[in-house]
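Structure first, commentary second.
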Amino acid sequence: MRSYRALARAAARAALAYRLSLLLGMGAVLVQLVALLAVWRVVLAQSPINGFTWPQMRAYLLVAFAAGIVVSILGDFRMAYRILDGDVALDLVKPVDYQKARFAESLGGLWIELALIGVVVGVTLAFTGGVDLPAGAGAALFVASMLLLVPLKFLIVYVSTLACFWTQNFMGVQWARLAVVNLLSGALIPLVYLPHWLATAAQWSPFAGLTSTPALIFLGRVDAGEGLLLVAVQLGWVLVLWFGARLVWRAALRRLTVNGG
Amino acid sequence: MPIVEARDLTKVFRRPDKGSGLAGSFKHLFARRYSDKVAVDHIDLSIEAGEAVAYVGPNGAGKSTTVKLLSGILVPTTGQVRIDGLHPQRDRTTVAHRIGVLFGQRTQLWWDLPVSESLAVLRDIYGVDHATYRQRLARFDDVLELGELLPVIGRKLSLGQRMRADLAAALIHGPQVVYLDEPTIGLDLAVKDRVREFFRSLRDEGTTVMLTSHDLADIEGFCRRLVIIDAGRIIFDGDLVGVKDTFARERILHVETARPVPLETLRDSLPGAEVTVEDTPQRYAVRFDRFAVSAGQVVTVLAGLTDLVDFRVDEPSIEDVIRRVYSGELVLPR
Amino acid sequence: MRTARLYLRLLGAHFRSLLEYETDFLILAGATVLMQVVNIVFLAALFAKVPVLNGWTFWSVLMMFGAVALAEGVGSLFFDGMWNLAWHINRGELDYYLVRPYPVALQVSSAALGINGLSNIVTGSLMIGAGLAHSAVDWTPWRVGLAVLLLISSVVIKVSINLATNAVCFWLSSPSPMFAFAMHQVGDLARFPLSIYPLALKAVLGVALPFAFISYFPIAYLLDTGPSRWLGLLTPLAAVYCAGVAALVFQRGLRRYESAGN
């Protein structure tokens, strides 16, 4: 446990050392928030669409932003380059579990991310007006959903980074992942706006848990029962991906040892 | 007019001070502190066309920084540089045609291209016509055996091969002034010899060469002028041979006598010299100043005391002298 | 002319080695196309519910997305080396560039070739083309010429902003081009009509970092839509201004270059 805590601290320290990179790396998420706020403010000025009013959409976008920032100090670039350079072999001799070690690193930066979310959400609310907070069961489900989002997001990034064992190209895989996640998680547009078949597919995919689930619970657009189901789906995907990632890792190691790094 | 001229050249680097640990990084977020490091400290240097100069000094003395200032890579903090009367930054393009630079630690070859292609790209950048280009390649092939390297991809060259190819790259445009910064670093002896041979041919053709090295074997037999830099300042600028005369006046005579001689007797008969017993009795070392007394005189005195079996005079090599200058054992007058 | 020829020569030097990594190209091309597809799905989903956004139709906003993609694609394909500037500075790798008789900025930008730019150029052009096909522009030779000029200016602006923002790395000690990357992200705001943004953002995108001249202003002029559409005619001026500023920032930055190993 101590070694994982040390890894987490080291990750936070690395993130702080390049604090500018850290702040700016989150720019993409922030820019999307600004653009979408501007678009929806105009679109929803007269009447609600698909049941979304402007204050609701604003709350949705803020939750989407928070969900987008959490676990974004990942060091996935570092991980990718260590795989591509073959340096990953050095990580293997360390007496820590590779997957848990990377997870610990992504947790290390969490408090920095939370601070940033606090600032941006605070500023946005100050400029555009407040939002209604969920209460009772809704609040509990929202917290549970946000907590599950942490391992879920880590696992999606982790598995896609493991693709470097096969592709030699990290950038392309990452772009593709970002594009898919952006659309299917509901970060770009709430899933109800998508064609029905696509929305349904997205709803059951692991990606919905990255934005849509916590956002819909926050807005109270799902009742307690539906909310519970959505969170259960999130949890299911966390478990599937956690053990699935181990299988991928084992296959990757075979590849590494066969090819000699 | 000197072809390279530096006046009052100073370069100060500014480095952020970071505390250690998470707290240190955090503090640096809000309060930035810096420390200044003077890498080159008020240097005056002028090199005449056709001159070959060795520029030496211990690691971190400011050698590479000087070369980078003289080639216009760095902008001096104060002072100025003129290459053939031109300003290295303002007239960068013109100056670039006249100078060639080799950094031994760094390659300018394209890592994913064959050497021949890297050289061809450089040919086009410098606008060298094809006939001249072929002529130069042929010459590089003579001295550096470049031919065998031409089809090799940059990243697949060994260190020695890379240095030979990089030399060709630095000289493909026939520069008037060449800066060679640590050009033999990491090379094996055979390649070193070949590269040194090449430097001599450059010098003989009248190219102005400034050679920076901490391998002093590079400079012996190559140039007459020696500049020594230490802690950013030039502490010697003069004749290579003169260094020995000026700063290494001392000689050591190792002598073996037929019978033991009391040390006091030897010391009394050789005032001004320092006599010590060596590993076996009957062997002595006499340390003397060659301008106070000649080796012949010492031998004559000793021969008057006893029969001499054998003797040998050691004079310090230039390497020795400079090494002792670095270590502070020998202090050169300013 | 010699400068341009030499530029293509330098760029082309990387082309052959790039072809060795065919799967790389396919993955990158696939990813960039996917990103544009996601954008189009988003726009289609949005405009399925609202006919116009501040007076702008689906097709005109698609053109803006296309213009940003095209400019970005040209930036990647021909000037991708800029994105390695931070790394070069950090490692002291500009040394040799500085002693060669060719503009340092051009040596930097030609040092890499982003083959993925090709797919952005193609998808961007298709989006612009589709938008124009659904517009009621009255094409005269003069308008065609003007459209081409606006397009070139738009690309020049994007590339100049890339250069200037990457050159900021001379002042920052970061080994990655994060500042430029963040500004590049800000540029994505220009994919939407400028009129939807609050005044401060309009000022940023119209003046400080004139991304709006890549897409919004020239398209507003061409389609004769929106308020102050005449501003689109200033696009070539904006291009000249941006190129000048970028060159100045780069030159200033170069004076601060400290190489490495001190």
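So that you can tell them apart, the chains are marked A, B and C in the order they are listed, and the count of residues begins at 1 in each.
Following the convention adopted for this analysis, contacts are C-beta pairs under 8 Å (C-beta built on N, C-alpha and C of every residue); 3 or more make two chains touch, one makes a residue touch a chain.
Every value quoted in this text rests on a predicted model; they were computed, and no experiment measured them.
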Seminar exercise, completed: Closest to the centroid of all CA atoms, by its own CA mean, is chain C
Exercise. Quick one: which chain's Cα centre is the longest way from chain A's?
Worked result: B
Exercise. In whole angstrom, what separates the CA-based centres of chain A and chain C?
Worked result: 28
Problem set entry | Distance from the mean Cα position of chain B to that of chain A, given in whole angstrom | 56
Problem set entry | Where chain B and chain C are represented by their mean Cα positions, the distance between them in whole Å | 47
Seminar exercise, completed: Among chain A residues, those touching two or more other chains are none
For this session: Can you check the complex and tell me which residues of chain C touch chain B?
Result: 2, 6, 9-10, 13-14, 16-17, 92-96, 98-102, 173, 255-259, 261-262
Exercise. Taking the complex as given, what residues does chain B use to touch chain C?
Worked result: 13, 16, 37, 39, 64-65, 68, 71-75, 89, 92-94, 96-97, 99-101, 103, 105-106, 108, 110, 112-113, 117, 121-122, 124-127
Exercise. Which residues of chain C touch chain A in their complex?
Worked result: 21, 23-24, 27-28, 30-32, 34-35, 37-38, 41-42, 45-46, 48-50, 53-54, 116, 172, 174, 176, 178-179, 181-182, 185-186, 188-189, 191-192, 196-198, 201
Exercise. In the complex of these two chains, what residues of chain A are touching chain C?
Worked result: 18, 20-21, 24-25, 27-28, 31-32, 34-35, 38-39, 41-43, 49-50, 167-169, 171-176, 178-180, 182-183, 188-189, 193-195, 198
